[in-house]
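Take a look at these structures.
Same chain, two partners: chain A is paired with chain B first, then with chain C.
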Partner chain A sequence: MANVLFLEPNILLAQAYAQALTLAGHTVRVVQGAQEAIHAADTALPDIVLLELQLPAHNGIEFLHEFRSYPEWQHIPVVVNTALYPVRIQAARQVLEEELGVVDVLYKPTATLADICEAVRTYGAGVAGGLYPGSAS
Partner chain B sequence: MQQPAAGLGTEWSDLLFAVAEQLKVPLTVIARQAELGEMTRQEDAGHLQIVRTQADAAMQLVDSYLLGLELLRSQTALELEPVSISSTLVDTAHALTRFAKQYNVDIAVDVGGRYEPVMAHARGLRAALLSLGFGLVEAQATPTSGRRTPRLTLAVHRTPHGIIAGVYGTNDSLHADVWQRALRLCGRAAQPFTGLSVGSGAGLFVADTILKSMESSLKAGTWHRDRGLAAAFQSSQQLRFV
Partner chain C sequence: MNQLVTQAIILSRTDYGEADRIITMLTPDYGKLRVMAKGVRKVKSKLAGGIELFSVSDITYIKGKGDIGTLVSTRLSVHYGKIVTDLERTMAGYDFIKDLNKITEDQAEAVYFELLHRTFIALNDPEISLETIRFWFNAQILKEEGQMPNLQTDDEGVRLEAGKQYTFSFDRTAFVADAHGKFGAPEIKFLRIVFAGHDARIVQQVQGVDALLKLAMPMVQTLRLNMPH
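Right after this comes the complex of A and B.
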């Protein structure tokens, strides 16, 4: 079971995600901003990070640049779960995947709780080997 | 959607865009909270599934509207690529099934035969067919839809004009003149499709707008005994012999 760090600015959605992942047996910490997420990751290393790109103050891409600048966090898989329409983030997708180590991009309006749980199950285990893009190893 | 959104003025167009974007948030909350309820409260699962399905359908309409509006505002066409029309219809039918079931409408797919890929925009085509499907599901369930068991068929066939993909139903009201009149009344009448939809029929206009950006458009047509709306696509010459 994975230790999940979830950046979700909407408190009602955050509750739903946290409850569903907890029911699936994961440990979940939900934060609403980039700075809070850095603190949370510093406190306890997550196995996987899920984040919305549209955040208050610093956006998700800024967060990812900061997050990936720390060597000990470079191997942690990140899944984007965003309300931005896929056509709109098409141009940024290469940067997200190849430079910032994003392993999957979900479209929040259509991504079900089951999809979220499946993403955590798929990517949230076996991170120690540095299997993912953006990995330091 | 027939009149360019630019005719509303850029400020109103921008405001409509912002409203639609904002609507995605509560719709997502409703859908995910209902899904959570389905997982934790078995006794309410049936009701909550209705809530989730309706929220998902509304979300699809909003998303397709945003895509259509963006295309109108930018005055750009979608980039065309070879797309498998058969698999897109099958995917669309799958996505419509739960919604249709709530209205006691059966969903069928007829993709018999072998069709080469067509030139379209994959995401745009799926969005258009879904919007069309959601709109026509409700039309099959209206009291004027005839005595046959309500059914919607997603079908493809070949004509000299290209490969025709459409959604056809048991509602007998959808004639060419009804569609043309509805196009003229879009945005000016609360119920442009008398006898077909008790609402604005927005999903059908959104679908037409998206298809126009792919050098196609919706036209009334028939499939066996069923009436519906369909669009013509050109086959991909590049992949014809692959």
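Right after this comes the complex of A and C.
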């Protein structure tokens, strides 16, 4: 089971996601802002990060650049779960995947709780299986 | 103790040990600097707030014996906060920083600090399109690197004439007279404004800027790609 760091500014949505992931057996920490997420990752290494790109103050791109600048966090899988239209993400997708290590992008209005759980199961499991050795907990 | 004070823009930050970071900065007084910032990973560090990206900070540092100095204090001078309200502009901002970091690998004149600062100002202004900023930025790089196209005379040294049409020769980085060429007086005047301009806003205000960008963009992009870097 994965240790999930969930960066989601909408508290109600965050609670729903956290509940679903907890029921699926994962440990979930929900944070609302980028700096808070950096602090949370520094406190306890997550196996996977779920990220909304639209955040108050610092946005998700800033978070990713900061997050990836630490060697021990460079291999932790990040799944983007955003309300941004896919067409807007499309232009940035190559950078997100190749430079910022985003393993999957979910479109929030259509992604179900089951999709979120599946993403955590798929990519969070990679940690235990040695897929992301830098994030082994 | 050699303590120095200057302005700085962050180019990159890399990890050093448990709590420290090595910060690469562009400064108007000392060019490119690498300084050790101690304790910036801790959330409550006094230094952390002063070393934001997309900002200009006033810094004090001690010049070390080696290449890396030690950061003593930082104070945020100006933060271009609107950039991060737009994801495309944020990503473009990172691209510009990365580009300048690469270009200034061997050298870092004060002009590059000014260029990055003016780029942040442009990115922070939603009235200036990203396409205009990219074009203007690349033109400024070409100018500073001595790769600017000749906008005064043609390939034979004859002054460019208002009534003539031209095509651009990449081999000669000059215009060649061509009755079917796409560059006439308005296009060449536009390029002169872009290359002379210290402000992307001026470029944005040129009448018909979108069509002019569309025509001139491939030329500037190709020159950038061919730049010896």
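In this section, the second predicted complex is superposed on the first by the 127 of 137 C-alpha atoms of A that agree within 3 Å, B and C clash if a C-alpha of one lies under 4 Å from a C-alpha of the other, contacts with A are read in each partner's own complex, and residues count from 1 in each chain.
Going forward, contacts are C-beta pairs under 8 Å (C-beta built on N, C-alpha and C of every residue); 3 or more make two chains touch, one makes a residue touch a chain.
Quick caveat: nothing in here was measured; it's all calculated off a predicted structure.
Looking at the shared chain after the overlay, A:Y70 reaches chain C, while chain B stays out of its contact range.
Judged by the touch definition given at the top, the superposed model places A:H58 against chain C, while chain B stays out of reach. Of the two partner chains placed by superposition, only chain B is touched by A:L23; chain C is not.
Overlaid on A, the two complexes show chain B and chain C touching no common residue of chain A. The touching residues of chain C, counted against chain A in their complex, run 12-15, 41, 43, 53, 84-85, 87-88, 90-91, 94.
Residue ranges of chain A in contact with chain C, taken from their complex: 35, 38-39, 42, 53-54, 57-62, 65-66, 69-71, 84, 88, 91-92, 95. Per the touch definition, chain B reaches chain A in the complex via residues 21, 24-25, 27-29, 31-33, 35-36, 39-40, 56, 59, 63, 66-67, 70, 123.
Against chain B, in their complex, chain A makes its touches with residues 10, 12-13, 16-17, 19-20, 23, 83, 85-87, 108-110, 112-114.
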